[in-house]
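For reference, chains read A, B and C in written order, and residue numbers begin at 1 within each chain.
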Amino acid sequence: MTFSIPNIAFALPEMVLLGFGCALLLIVAYVDRAPQGSGFIAYWFSQATFVITGLVIFQGMGGEGGQTFNGGYIKDGLSDILKLAICLINMVVLLYSRHYLQARGLFTGAYYILAVFATLGMLIMVSAYHFLTLYLGLELLSLCLYAIVAMHRDNKIATEAAMKYFILGALASGMLLYGMSIIYGATGSLAIPEVAEAILSGSVNRVVLNFGLVFLVVGIGFKLGAVPFHMWLPDVYDGAPTAMTLFIATAPKIAGFAMIIRLLAEGLGGAHAHWQTLLIILAVLSMVIGNLAAIAQTNIKRMLAYSTISHVGFILLGVLVGTAEGYAAAMFYVLAYVLMTLGGFGMILLMSRAGFEADNITDYQGLGQRYPWFAMMMMILMFSMAGVPPMVGFFAKFAVINAAVDAGLMPIAIVAPKTFQWALSVNALAVLGLGFFPGALLALCTRIFM
Amino acid sequence: MEKYIFYAFAAILLFSATMVITVRNPVRAALFLVLAFFTSAGIWLMLEAEFLAITLVLVYVGAVMVLFLFVVMMLNVNLTPVQEGFTRYLPLGILVAALITAEMIAVLGASHFGLDIVSAPIAHGANYSNTKELGRLLYTVYVYPFEIASVILTVAIVAAITLTLRRKTSKFQDPGKQVKVRREDRVRLVKMDAVKPKPPAVASEETAS
Amino acid sequence: MIDLLMSIVDWVTAQTVLYTMIKIVAIIAPLLLTVAYVTYAERKVIGYIQVRIGPNRVGPFGLLQPIADGLKLMLKEVILPAKSNMYLFVIAPVLAIAPALAAWAVMPFDATLTLANIDAGLLYILAITSMGVYGIIIAGWASNSKYALLGALRSAAQVVSYEIAMGFALVGVLVAAGSLNMGDIVLAQQGGFWHWYWLPLLPLFVVYFISGVAETNRAPFDMAEGESEIVAGFHVEYSGMAFAVFFLAEYADMILISMLAAVLFCGGWLSPFEGTFLADFFAWVPGIIWLFMKTSFFLFLYLWFRATFPRYRYDQVMRLGWKIFIPVTLVWLVVVSTAQVMDVGIWFNEQADALRAAL
């Protein structure tokens, strides 16, 4: 393998982020001795880091793209947009979670260090063009997330959630790695374009390739929480402190989407027919079970977790279509989903106080009378998640289903809206039963699970 | 000759790996794991991957497993409750394991990965330095993954410290202050008159009577 | 059975194996004898430092004392403590001495005198010596005694901590020499006293030797044994020959560390007068003598330390290892790498590079 000097300019965002991350590490190490702790400085420093990284990404946007680091890194339109989104989302996440962390004694430099490095992991994943880089980015991200979930270490539930997350995450990584190694055995390369080329050339042994593909899809399913592999997701979302849930539920999903695109669409595009079947099962089950289980929840964090599962189903639905239109729809969906989730968990953070976690649905009763403005916001968010027309959630769902229909996947496209139509009517009936509008508004909004 | 050495190593490896999961005492399980690492290092040596083999011994046997043993010995883990139901689930376990093994043999066996399909690597001469080649690749072609791996390790340290360090409850000393200490800080000379004992004569008489 | 073996092993292989066996014996037998006389030297040296005479009863000047000690230990009963883990208890001394002896395989005694001249020699030594801790930790655990367990845990933590600093110090050597082969490392130091690596790598040299003292659990880092605290540490339950094996392992490790210091930082078998007018005058001295003299000097340092320094406290040991040695080695690694790239001085210049390339 020949070596060429890497074009460092392409990877500038990652390098800036890494540099600032290391600086933050040093600053926190020295400021931590101060009596007021390092939270305040770390908070502003990491916000500045995200702003600067965002600016660097924005600067490079639309410019020439290409690969560098011997095919380990790629800069293209997809990576630019997703990276910018990740930076912006994380800025908002830090903003939302600040007061929650302060009230619970978690406002320390360590959280911000982990957040910055997790962001670095996401950027690496988005730009990975080699199985190895992709896997390492994923591990960097996951490691930070495990630690972030476990940070509230005196809280038993949070620790348990972190433990579950860690064990299942490690299992998923193992699956992914196993799949990658088998695909390497089949194609003789780990570089994504070379894998794609080998598959298209037809010289690859199909049995071996499919064997690896199954492990790969299972690994992705575990990481994203698609249905047969979703068991950890509600427990972790529920058990982690809400600010941490907000972090793990938003930007990492964008990175996860990038991982699917790089692995399945770009790397194994030639084996589309094979992974399509697998993804259909995952997508349909996720949409059905995610929606149905959400109805039964009394805890709003759990409910949002199940809603995440069903959203993952929709994202997979967009991907499995396998056309450019489908990928675009899935990407739009993931961005819309992250926006909505940001709002949803943000609302929970807003309602929580020191010593009070507003995580039961009943806690929101009467919100419409006390804070009509927030109740309105909550309603908009929940409607958007449900896919009610003027909100962004509707367009996202519409785009995905449209792509599926165009590609001739009619049966699945029908399953998708049918489940939530059915569930919606259950909710509507519940609302009718409740009878009076303003007080029950929230109960309605929150119980609209999607 | 080489073949027989390989089979010997492979047999020890399989035996010790089985013992790791079946032996009752966790310390002995950990020690069998050490043996498993060591024999796999031997197999790697036979594959001419001497750098990896030695690194496996250095890192896993020399450091990771020592710390592992450390924890196991300190915790005094009792595995009996964990192993309850072992016989009950054994048939199902064997079934699943057999299925997986059969699948793997079918897919990963000689028919797909045999020598006629994947050619054997070229055997290098005695002057070929595996270590040098690895270093060359790591710092050129794979420099990006290499750097990411170092970031991962940094994060692992940060995470471990964050989750375990409790600064407020632990006492620690400042060696600088200890060194700077002078005699005047610790010892004070006080001038006192010598205390004379009282004449004991009267008292002793009273107690005696 | 013999037929089967003969069918596996052809004659040439058998010959090689036989020769190797003989070579191994030729290394190990003198080594064990040296161990015996290092104990004698230790008692004598410390005796004189403390204004005593030391052993002087058995043989002339007490020279037969180590032999007598060995005989005594051999004749003593090996006691197996009740409720100890019998199997591990017996295997622990073996695990302690095996790596201590195995590490000698790559040691270059002279330009051509090496049992196995392998490319990754330095790495091999690091890996093998890192396994010595198993003997200690298993002995401590299998004895089923509080003192033994505490000693083993202390020792394991200490050895693992100092291995990092030591490893980094050795990385400095391999950056300077450009090779992991022990013989090449010595040859890269050619040119006399001022060309040896002790000077450009002085911080690493100091860190290496102190870490070596800590690795072998010798005073002032002997908390693992700490007579006044935990009786005798991990081998408190051992007696007779089993104890003697631990003893052998400890001293063999000491000699190994000293000889490594000589090879890696002090030019190994090279004469210190190279390049001076005395070079020809001392040309008749075989390289191995220089190596032994250098090794003896470092061994003497061991004894000197023991007689001079009070024992460290446990947290101080950890602080020294983690907070001082590791940062120092890291900083000096950067310095060495820079010097290597910039061709600084007589150690890193292009001439030295050319020499290295020729190796």
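Of note:
Definition applied: contacts are C-beta pairs under 8 Å (C-beta built on N, C-alpha and C of every residue); 3 or more make two chains touch, one makes a residue touch a chain.
Since this is a predicted model, take the numbers as computed values, not measurements.
Centrality by Cα centroid goes to chain B.
The most distant chain from chain A is C, comparing centres defined as mean Cα coordinates. Computed from the mean C-alpha positions, the centre of chain A lies at a distance of 34 Å from the centre of chain B.
If you average the Cα atoms of chain B and of chain C, the two centres end up 23 Å apart.
Mean C-alpha position of chain A lies 53 Å from that of chain C.
Touching two or more other chains at once is no residue of chain A.
The touching residues of chain A, when paired with chain B in their complex, are 1, 3, 6, 11, 18, 25, 69-70, 72-73, 108, 110, 113-114, 117, 120, 124, 130, 132-133, 136-137, 139-140, 143-144, 146-147, 150-151, 153, 182, 185, 205, 207-208, 211. For chain B in complex with chain C, the touching residues are 1, 4, 27-28, 31, 34, 50-51, 54-55, 57-58, 61-63, 66-67, 69-70, 73-74, 129-131, 173, 175.
Residue ranges on chain B touching chain A, taken from their complex, read 103, 107-108, 112-113, 117-118, 137, 140-145, 148-149, 151-152, 154-156, 158-159, 161-163.
Chain C meets chain B in the complex at residues 8-10, 13, 88, 118-120, 123-124, 126-128, 130-131, 133-134, 137-138, 141, 149, 152-153, 156-157, 159-160, 163, 180, 315-316, 319.
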